[in-house]
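My structure is below; once you've seen it, I'll send some questions.
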Amino acid sequence: MPRIGILIDTLQGSVPASFQEKLSAYVKEFPEVIVCFKEDDLNSSDAISRINRYVESEGFDRVVILGGSPKDYEISFQKLKLSLPLNPYLFSVANIREQALWISSDEEMALERAKIIISKAIHTVNSTKPIPTQSLTLNPEVLILGGGLIGISIALDLAHAGIRVFIIEKEDRLGGKAQKVFKWLEEKIDEVEKNPKITVLTQARLKRVVGHLGRFEATIECPDRKEITLAASAMVVSTGYASYRERKGIYAHKRVVAIEEMEKIMAEASGPSLLKEGKKIEMVTYLLDEVNEDIKIDSISAIRQSLILQDLLGCQVAVLCKDIKVSSNGMERLYRRAREKGVLFFKYDDPPRLSIVDGQIEVDLKDTSPIQKKERWPVSILSDLVVIGESFGPIPEAEELSKVLKIHLGPRGYFMEDNPQLLRVRSNRKGIFIAGACRFPQEASEALIEARAVSQEIITLLSKGTYPYDLAVAEVDPKKCALCYTCPRLCPHSAITIEKYGDRNVYTTPMTNKEMKWGAAKVDPASCYGCGICVAECPAKAITLQHLTSEQIYAQMNLGE
Amino acid sequence: MKAGSNLEKILEKGWFAVTGELGPPKGNDVSVVKRKAELLKGYVDAVNVTDNQTAIVRMSSIATSSLLLQMGLEPVMQMTTRDRNRIAIQSDIFGATALGIKNILCLTGDHHTFGNQVDAKNVHDLDSIQLIDCVRTMRDQGTLLGGEEKIEGEIRLFIGAAENPFADPFEYRAVRLGKKVAAGVNFIQTQCIYDMNRFKEWMKMVRDRGLHEKCHILAGVTPLKSGGMARYMAKNVSGIIIPEEIIDRVVKAKKPAEEGIKICVEQIQELREIEGVHGVHIMAIEWEQMTSKITEMAGLLPRPKVDQ
Amino acid sequence: MTEFNPKIVAFCCDQSGYPAADMAGALKRKLPKEVEIVRVPCAGRIETIYLIKALERGADGVLIFACYEDNCQFLRGNLRVKGRLSYAHRMMERVGLEKERLEICHLATNQGVRLAEILHQKVEQLKKLGPNPVRQKK
Amino acid sequence: MIKAEQKPMDEILRYLNPYNKILLSGCGACVTVCHAGGEKEVELLASGLRMARQKMGKRIEILEATPARQCEPEFAIELSEMIEKVEAVLSIACGVGVQTLVRHFPKTPIFPGVNTTFLGETLTHGVWEERCQACGNCVLEKTGGICPISRCAKQLLNGPCGGSSKGKCEIKKEADCAWQLIYDRLKSLNQLYKMEEFIPAKRWGVESRDSGLRRMIREDLKI
């Protein structure tokens, strides 16, 4: 018979003494209850050490706490888990404060409710089996998909922390879109290439991933179509975004360039002025917000570029937009500097019209900005160069990658975070992180903050060398599994796969390819969050949650048989 | 001569043939057949008698065809594979030819769920091309389908089929006609044509395959009664394409019905000019009285008489 | 005759319904007498059979307090339970049980007051409907 | 696999009207996979039936079982002990499973609880579509692997009818025209010539269900 110890948390007096007495009298009616203590504040550390002593002196093996919300004890549970010789799942909390005392209209009702809650809690600990804790070895090995600004930055952070890093890059060199923008990236790339902890695979493609957190196995296709398999404890997706713009009519003119191309033109400029086809460029007009109204990247790039153009290359710059978006760090200051240096800003509502006048491009608009300036609408700007924004979107490989990695895509086709508020850089799968513009197009300085967040998460995860997890997760009974594929399809964390049991001798034919025989669904316990969706959906009732069985749920309904 | 029917003779002489269409009554009222027959008599070379069109139960095609013969019109008996298996089909062909019917149009038939007997079990023992093959075997080999068994007597039938240049996949439509020709079809009536460009494109593919020399193609036309009908057909009937400008013409016309007839006549005149088109098939659905007007306006009258 | 106190089984998702129930207590909102709170890690854990069995075993009403749609910690738990609810509703219709006896309510953690209101409204509604007709007379 | 869907409960209740104690048997194979007759459904239907009968004032006792595969005689026989205790059996296995029970339990009425719908494929979770009619002589080689017998409303063997429009079937707007699919596939395989060949009439009466009860005998396997 289980031996239950009851701990009444008096919650510093918020449970009246008379009520406590009635409860302790009630719990003694249960034959399993061997002892009942009172504590003023169970969350205090000396209380925990006292409980520790009670366990040893009284020899009980299960604990029911009569107190407040179980949520309040969750942290102390973690401590109890470490300090007590008891299994953490042999605890249960009867929330007699919020769920009995405080919601009842009179004490009689409160007592009735409390009794029911207590009996349910006792039933829970009685019916629970101890759930063992296990741990997973985590080797310090990480695979990064995408060697752009973010991938490089994470790789260096991780390598400095002693983690072995593989970067898989689809292009023939590192740097991605940012290599034209930031000169210092060259140094970083150099650093990456020299770092013995980092291996870079260029022109490589991720073909297949098996395994879960701590033991991912990724098959990479290299340029010579050779395949290599890499092991990794965690993976990072930093594949960036794609930009494009349909260039029709005047937009196809050679004097109309995209912001990204402009970056290249400026990088190639030497001397005090900007030349195009041997002629000096004097007037540059930025035309923003035509395709991306809600993204600040264009505003920021335009301001950054225009400062250089105006200040160092002797151009006059005009920026035409619907709104100036300078909400990132330091951008307000840059914007002010740009204005001081003479960059002109215009606001438009109706799209500006472009026309070719003597080989130059005339931009006509109605300026609607409320700020007093000489040029009132209509404005006509004869430009040597018109710089336009582009549409942003997920990379073309995003969908395929999401299938290979079994991670979710959001409605717009970008990789989706597990929780937009709290877990921005985690994907829905444990051990796979996402950072930067592959989540949504973002400005480099902000994406770098995400990169740092990913580095920190991974370093924290891997530094211990092990990942402890308990088996309070979904478990499939392979004998009952009908292989219907319901659970792998529905698992929000892609923690379920159909296991291939090559050695399970079901058929008489000798298997030529053992990999191709499927046995049953299997939940990876370290990747499971215990939500129970698969348990509820399984048509064969082959899946259980060990710490919350159907029988326990029926008991909580308190409706009898 | 395959069957020696009026239609066959006219086509063989290289004259421009005109066929009409008659929907049998939804019952056994012979007067309906008579009334409709009167409206067509003298204006067409042969009359298609539909076989429970759109899967609505009607007087049988064989019986109605036989009635037409008595009234002095030449029927093209339509036969679908929807309602009959190969036993019924061959037996009906015995019966039909015995009654003097000389033209047959082999069809798969509209799906039964469009009709008034949706609970029926559809048969589709054969498809339309297999039906053509079956009739050809009976006529040319004098045996039953797939058998050595000799038929008592002689089956003489001018074999026709339908083809729809407006259904998809478009590139396959001429190939499919080729299959019909190979199976033994003698003439083809097309789905009603409004999209002249697409029809011409299809005819080109037909000519490229030389099919127009192996069978007679009768182009299908249907006069539009009203703007509403045009819109409805364009939207709801699969395999019919009506270009916007035609719908517009009918919709905007003061007298839509007259405009519909006018369009139809123009179409016939245009179709006549296309190489490989040997006739027209006028499907004036529940508007048989217009057949005379259309043929007259299109200059197709009087219909030639062929010697017996 | 004793007053009819409808018995309600309230499944509470640990991310929304359960904290809201605790908040109802913390705000000293009185809850109806016969409410059984069943704590589940996610509304997605609630099997269709629980809903049906709760009714079979005599609950007068069954409520699911789940997170707002698109706000499920486990991405689709609350949507899956919505599907199961519609299955249960179809079955209830065939059995001859009023649909109102089973309902899903979306809550945020801080909506303790709302939870208490919903429960009281449900009690009133169930009082009008009368006892669960399939409850076995003891 | 075989697909099935539950019969309306009113109909099931009508079958069971004379009985007060039944066995509700599911099947662990195909009907489990399509969520129509596995252990989960057995439990749900049993509960629903009990409630309905309780409401009618006529309680019913229901034993519940889900053999691994109801269509194997040995599994069916394992239900003997339970079947002896009941007046009737409601089986939510496919029509095959029902008849396996019928063969072994001559004295107990056995009722179907599901409609066996078709042999189909899972398109996405919860969406199934027919793929095979077990016609007895597979034509997939000629049709690029797409079956016109099960997927064309008219079972045409020589190309699409005139109702094929923009890739869809005129009968059901949500259904793809099987022959359009065949065309597209053969085109991508560079085998369009296969669609030029005449496919003669199928021997329904010899090969398919029309030949009467079909039986397969593998002499090498017989014990």
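Things worth noting here:
Each chain gets a letter, A, B, C and D, in the order it is written, and its residues are counted from 1.
Heads up, the rule we're going with is that a contact is a pair of C-beta atoms (placed from the backbone, for glycine too) under 8 Å apart; a residue touches a chain by one contact, two chains touch by 3 or more.
A quick note: this is a predicted structure, and the numbers were derived from the prediction, not measured.
Rounded to whole angstrom units, the spacing between the C-alpha centres of chain B and chain C is 65.
Each chain gets a centre from the mean of its Cα atoms; for chain C and chain D, those two points are 36 Å apart.
Each chain gets a centre from the mean of its Cα atoms; for chain A and chain D, those two points are 43 Å apart.
Chain C has residues 47-49, 53 in contact with two or more other chains. Shared interface positions of chain B, i.e. residues touching 2 or more other chains, are not present.
In chain D, the residues that reach two or more other chains under the touch definition are 40, 43. In terms of inter-chain touching, the protein chains here follow a pattern that is not a line, ring, star or complete graph. Contact between chains, as defined at the top, is found for A-C, A-D, B-D, C-D. Interface residues of chain D facing chain A in the complex, by the touch rule stated above, are 28-29, 32-35, 38-41, 43, 66, 122, 125. Residues of chain C that touch chain A in their complex: 7, 9, 18-19, 21-26, 28-31, 33, 36-42, 44-50, 53-54, 57-59, 73-77, 80-81, 84, 116.
Listing the residues of chain B that touch chain D in their complex gives 82, 86, 108-111, 113, 122, 124-130, 133-134, 145-146, 162-164, 166-169, 172, 175-176, 178-179, 182-183, 191, 238-239. Chain D meets chain C in the complex at residues 8-10, 40, 43-44, 47-48, 50-52, 54-55. Taken in their complex, chain D has these residues touching chain B: 153-168, 170-171, 177, 179-180, 183-184, 192, 195-196, 198-201, 204.
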